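These notes open a run of structures that come right after.
Okay, so chain A shows up in both of these, paired with chain B first and chain C after.
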Partner chain A sequence: MTALLEVRDLTVSIPSRFGEFTAVNQVSLEIDAGEIHGVVGESGAGKSTVGSAIIGLLESPARISKGSIRLQGDELTSLDETDYHRLRGDRISMIFQDPQTSLNPLLSIADQLIETIRQHRKLSEEDARRQAIELLAETGIDSAEQRMNDYPHQFSGGMRQRVVIALALCTDPELIIADEPTTALDVSVQKQILGLIRDLAAQRKVGFLLITHDIGVIAEITDRVTVLQHGKVVETGPTAAVLGSPQEPYTQALMAAVPRLDRRLSRFRNIVSVETRMEGENLWKIEGASASHASNWLLGGDKVARHAPVAVGRATERADNALLRVDDLDVTFGARRSWFSRTPGLKALSGVSLHLHRGEVLGVVGESGSGKSTLAKAIVGLAPTSGGSMQFNGSPLPDGRHRPRSHLVRRQIQMVFQDPYSSLNNRRTVEAILTEPLLFYKLASKGADTRRLVASVLELVEMPQRAMLKYPHQFSGGQRQRIAVARALMARPDFLICDEPTSALDVSIQAQILNLLKDLQSNFGLTILFISHNLAVVRQMADRVVVLRRGQVVESAVSETFFNAPQADYSQQLLRETPSLSLLGTPV
Partner chain B sequence: MIARFRRYAIENELLHLFLHNRVAQLAAFIALVMIGGAVLASFVAPTDPYDLASYDLLDSLLPPSWVEGGDPRFFIGTDDQGRDLLSAILYGTRLSLTVGLLSISFACVLGVSVGLTAGYLGGRFDAFVMRIADVQLSLPAILTALLIDGIARGILPQQSHDDLMIVVLTIAIGLSLWVNFARTARASTFVEKNKEYVQATEIMGMHPVRIMLVQILPNILGPIMVILTVDLAVAILLEATLSFLGVGVPPNQPSLGTLIRIGTEYLFSGEWWIVAFPSLTLIVLIVSVNILGDFLRDALNPKLR
Partner chain C sequence: MSSGIAAFILRRLVQSVFVMLAVSLIAFSLFRFVGDPVAQMVGQETSLEDQARIRESLGLNEPITTQFITFAGNLATGEFGYSYRTRQPISEMILDRLPATVELGIVSLIISLLVGIPAGIYTALHRGGFLANSILISTLIGVSIPTFVIGIFLIFVFGVQLGWLPTFGRGDVVALGWWKTNFLTLDGLRSLLLPAITLGVYQLTLTMRLVRSEMQDVMKSDFIKFATARGIDRRSIHFNHALRNTLVPVITIIGLQFGGIIAFSIVTESVFQWPGMGLLFLDSIRYVDIPVMSVYLVLIALMFVVINLLVDLLYVAIDPRVRSRSEAS
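So, the complex of A and B:
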């Protein structure tokens, strides 16, 4: 029996002014009808390019320079634009990452579905409508008939993705390419969408090519998986075999870097360094600069007494002596009172209470819109509060509007942001970025001293000292995040807020950054508020966990207790829905 | 050295695009030659049109040297007062460029500071300032310039008119062009101020003025540079128009606009060169500056590549 899709030695090259770049290098894979085939790899591995090449939507100047793509024996690479156009949608469909942008906001769902159906088949408006309703029902949209005339913005994210899937199905294709179909969704919705894909593959015998960076998703639903690195196939085979007992060093390293929900590692080991270091990069040194110089500076000579790091497990639920206390905090956005009207505004946080002890890592988890980031913003003073109180180090902490610019807390609390691409000013050198806090907080005077400190702290976050001469755009995401951590350290903080610090990064880079944060935390006894939507990551970092939902605290517990026996229904649901890798056995 | 330049040329987006764009190179070359000629006018020009003793009424209205009746001393002829037209154009370009650059810098500084502040602070200040800009935008630039020019003429004492005319012109043109800068700066600031690097400095408690100048300003310079180049052409044209209308620079200081105005009076009596050459100069200057502006705009806009 021939496979549904057969890709042989697919090579995609992109000519650029730096020379020809091979995005996909001799990739071969096969998909049978009804099979879900996962393509996994880190950013830049060429996953999406493989998908675009198959559906014939490679963006110029990229082109297929070698290889063949056969759909049930028909060669696709030799098709011209018109034939390909007819084939797209008819035999191959695509599901994109962001349901927000892949539906036309100006047309109702009915218009979009009926138009697509009638494009490909000669059907009357009536028949097409009936078919569209059936499809919507099949993809799990309740009262499909009434909702047909709604517009995309009237659906939630998960519902919208269901509509996109219905749209992909409406021409009864043989193959569907799903490019990161659940990345933009919360875990509970992700679970449902993955289940839907699973069912469709089984019932309709559609082949799925599922492109994702998330090993959890791959483990959850794919039958076979292909691991890509730098455009080349590293390993391919049945999912359980490849992920359970990986043969290649790269796959092993990748698996080791995936945070596990079921256990806490003290450190991630066996990580391949994906970042390419330039020759001679490490030779450039500033005299007297070293990681230990930075450690000494961070630990000593400070007026604020440093405390010994708190051992893991000493974390308690008692709120006395806390470094940070938040009581009944309310944050309301958009509330306005004018002469004529009163807008109540949106309550982003209501009655949130939590506390952190010195040297403790508190994980804050929740789905999007739960108020995680608002909490961070309220603490650092970016979001004004509308009720409740905060205490830092025993003294009351005024909210953003009333906190003077010279307030001591502005140095003591530092923040590491989610997106390393926008958290560093691209027009300033790394040296200027890192020197700024030093001079601003008057921690050092301008001169050789400052440069030595900057170089030392860079070394502490495992960057070459020479990095200080460059600009942020010359670094990768992971390196930028290291620089962002270094900037936070330059202020000699007591308390670090990390807002989704790794969610924009690949797993292996994420593991490196988590290792770095763990090291810094244990060496300097930093107190960290660690915000993440990813429970597995929080498990690796946090001593205690707070679960937020719609701006309210649902549960607050010591980490081990929480992950082993969650109390609140919502926490149980969250834990259940996070893709787990448990079926794959114990990693190395 | 050459190897280093080559590598830099590959790495630097702007330079790379420039080296592969013949039209932009040609425009840059022409603009440079004209600017060079204007800056070095006192060395390059055969005579000094400011020096009353250097020209003679007997030489007036001579055609270009290659036309019958031309004089080899005056390559492209003379004007109605016997001034060498080539020298007058060189000095005139210098004056036009000076006024253009001064007024565009004035508009830029004013517009960017207003736009940056409005974008960063938002709220009432933003609403107030941008409504003023809207009102300003609904008046044609030339009317604004004429208005300010007229007011200045009324207020200033008669004898200081000539000396202060360049300052008045600069302010008049600058005030009619600042809105573009303000709008662009404000829009870009809106984007930048929500980025995390700005939030980081806000958390630190850095002074808003410092955040605006040190953090945000360098990041919004790209689009500002484009407006600067495109509007430079507009400023030069405005100056020429005002001078043509007789409210610009005083007649004894030839600018391209005044030369064209003098020329039009003789256009129908056959002395075509007085209007033709200054106009040609103006057109070539404007077109080349505009091409450079368009090149910059395209090169700095990633969506067009």
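So, the complex of A and C:
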């Protein structure tokens, strides 16, 4: 029996000014009907390019330079554009990453479904409508008939992804390419969508090519998996075999870098062993600059406070003597009164209480909309509070509106943001970015000492000193995040807020950044509020965990207790829904 | 649904009232404080007693606030007063000129949309193609040349050299009540053509470039990729899916520009001696006819307000997200 899809030696080249770049290099894979085939790899591995090549939507100037793609024996690479376009939707369809953007906002669900169905089947409007309603019901949309005339913005993220799946399915294709179908969704919704894909594959005998960077998703539903690196296949085979006993060093390292929910590692293995550095990169040095210089400077400040006994273990469960105390905090957005109406506003946080001791890492977890980031903003002074109180270092901490720019806490609390691409000013050199906190908080004056300090802190976050001469766009995501951490350190903070610091990064880079944060934390006794939607990552970092849901604290517990025996129903549900990595062996 | 939209319109109307009050305050200051109204009205031989009598009868001795309230009240009820120059009621002068300008504006808007939108779509979809680049370059020339040069050029070619089209005036008009229209006679339509093209060239270029850049952005969006991946007909992708999303920002600019066309048709009207509001305004400036100028100011502001309201309503019609937002509030 021939496979549903057979890709042989697929090579995609992108001509550029500097010669041809091979994005996909001799990739071969097979998918049977009803099978879910995972393609996994880090950014730049060419996963999405494989998907685009199969559906014939490579963006110019990329082109297939070699190889064949056969769908049930029919060769696709030789089709012209018109024939290919007829095939799309009819035999191959696609699901995109972000359900917020993959539906046309101005057309109703009915318009989009009926148009797609009638494009490929000779059906009357009524028959198409009936079929569309059945499909929506099949993909799990309640009262599908009434919702048909709704517009995309009236659906939640998970529901929209169901509509997207219905759209991909409505012409009964043989193969569906799902490009990161659950990356933009919360774990609980992810679990449902993955279950839906699993069922559809089994019932309708549709083959799925599931492209993702998330090993958890691969482990959860794929039958077979292909691991890509730099456009080449590293390893391929049944999912259990590849994840459970990886043969290739890259796959082994990749598995080791995945944060585990069931186990806390003291450090991750570094898979990017040698970072490609430009020649002579390390030769450029400022005299006297070194990581230890930076360490001394960071520790040298308020010695007394630094060497205060760090509370550990169960003692931290009590709020007395905490560095930060938050009591009954309320944050309300959008409440306003006008002549015509009174908007009550959205309660982003209500009655949140938590505390952090010096040297402790508190993990804050929750789904999107749970108020995690709002909490960070309220503490750092970016969101005004509407009730409750905060205390820092024993004295009351006013909210953003009442906290003058000269307030000491403005320096003591620093923040690392999620997206390293937008959190650094692209028009300023790294030196200017890192010098600014020093000058603003009057920690140093302009001069040779300042430059030495900047170079030293870069060294401390494991960046070459020469980086200070460059601009942020010259760095990768991971390197930018290091610069962002360095910027936070320049203020000599007591307290660091990390808001999803690794969720925009690849697994291997995430492992590096987590290692860096762990090192900084243990060397300088930093207090960290670590916010993440990823429970496995939080497990690696946090001493204690606070679970937020709809702006309220659901559970607060010591990390080990929480992950082994969560108390609240919601926490149990969250842990259950996080993809299990039991296929993977015991981490090294 | 309708109650939400009604509230939305009501809110916008109340806002509009404030805008109009502010504008009429400016118009009032122009009328009252740029020169002495009485001195403007009377000849040199008028005695001081007569001047004082006029001043008293015009209410110019009243407190300033009372004067403004009277002024605004008169404007609101259509009492625009009299021109210094012609001694005619201003309302008559305006009504006489308004149709000419409105018809000119509408025709030039239609020309700019009929050419600009398809050209924008074409240049967006055939990026870098020979024809697309030629269109872009020629329209660049179009915006770079001042309006009056284009007008004179068109007059020279089509009016003088070829002798195909009339070069000035409205030609034959048909009166429908007080509204004199160009649309019903061949001569009227021919007269309309050159000034409308002249006035529309700039708008056309702007529309085209805006449609082009918006369309290019929309074509890169995920939902277009998804529609392509579902095998939706190219024509439907371009004209149903992409164009509709393109129009939302385009409508704003076109709306504002249409206000601009009517308000600033002055240059075109004077090149073609088109008897519209622009020419009236020009004459009023020449003779320091301040009452006409201040009424003109208020009317133009009113037009902008109305067009903005229409643009907002069009948004509601096109974009379901705006619809539900206006219902929610």
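By definition in this document, the second predicted complex is superposed on the first by the 567 of 588 C-alpha atoms of A that agree within 3 Å, B and C clash if a C-alpha of one lies under 4 Å from a C-alpha of the other, contacts with A are read in each partner's own complex, and residues count from 1 in each chain.
Keep in mind that, in the parts below, a residue touches a chain if its C-beta (ideal position, glycine included) is under 8 Å from a C-beta of that chain, and two chains touch if they have at least 3 such contacts.
Remember, predicted model here, so these are calculated numbers, not experimental data.
*Asks:* Once the shared chain is lined up, is A:S266 touching chain B (first), chain C (second), both, or neither of them?
*Replies:* Neither partner.
*Asks:* Examine A:L382 and indicate which partner it touches, taking first as chain B and second as chain C; both and neither are also allowed.
*Replies:* In the superposition, A:L382 touches chain B alone.
*Asks:* Of the partners chain B and chain C, which touch A:Q72 in the superposed model: first, second, both, neither?
*Replies:* After superposing on A, A:Q72 lies clear of both chain B and chain C.
*Asks:* Identify the partner contact of A:S422: answer first if only chain B is touched, second if only chain C is, both if each is, neither if none is.
*Replies:* first
*Asks:* Where does A:T2 make contact in the superposed view: on chain B (first), on chain C (second), on both, or on neither?
*Replies:* So A:T2 meets neither chain B nor chain C here.
*Asks:* Regarding the shared-chain residue A:R487, is it in contact with chain B (first), chain C (second), both, or neither?
*Replies:* It touches chain B, and chain C stays clear.
*Asks:* What residues on chain A does chain C touch that chain B touches too?
*Replies:* none
*Asks:* Touching residues of chain B toward chain A in the complex: what are they?
*Replies:* Chain B residues touching chain A: 10, 16, 195-197, 199-207, 215, 218-219.
*Asks:* Using the touch definition from the top, list the residues of chain A that touch chain B in their complex.
*Replies:* 17-18, 380-382, 403-407, 410-411, 413-415, 417-419, 422-428, 436-437, 440-441, 487, 491
*Asks:* Can you tell me which positions in chain C touch chain A when the two form their complex?
*Replies:* 7, 10-11, 14, 221-223, 225-234, 236, 240-241, 244-245, 248, 318-321, 324, 329
*Asks:* Any idea which chain A residues touch chain C in the complex?
*Replies:* Those residues of chain A that touch chain C are 55, 57, 85-90, 92-94, 96-98, 101-108, 115-116, 119-120, 151, 153-154, 164, 167-168, 171, 339-341, 343.
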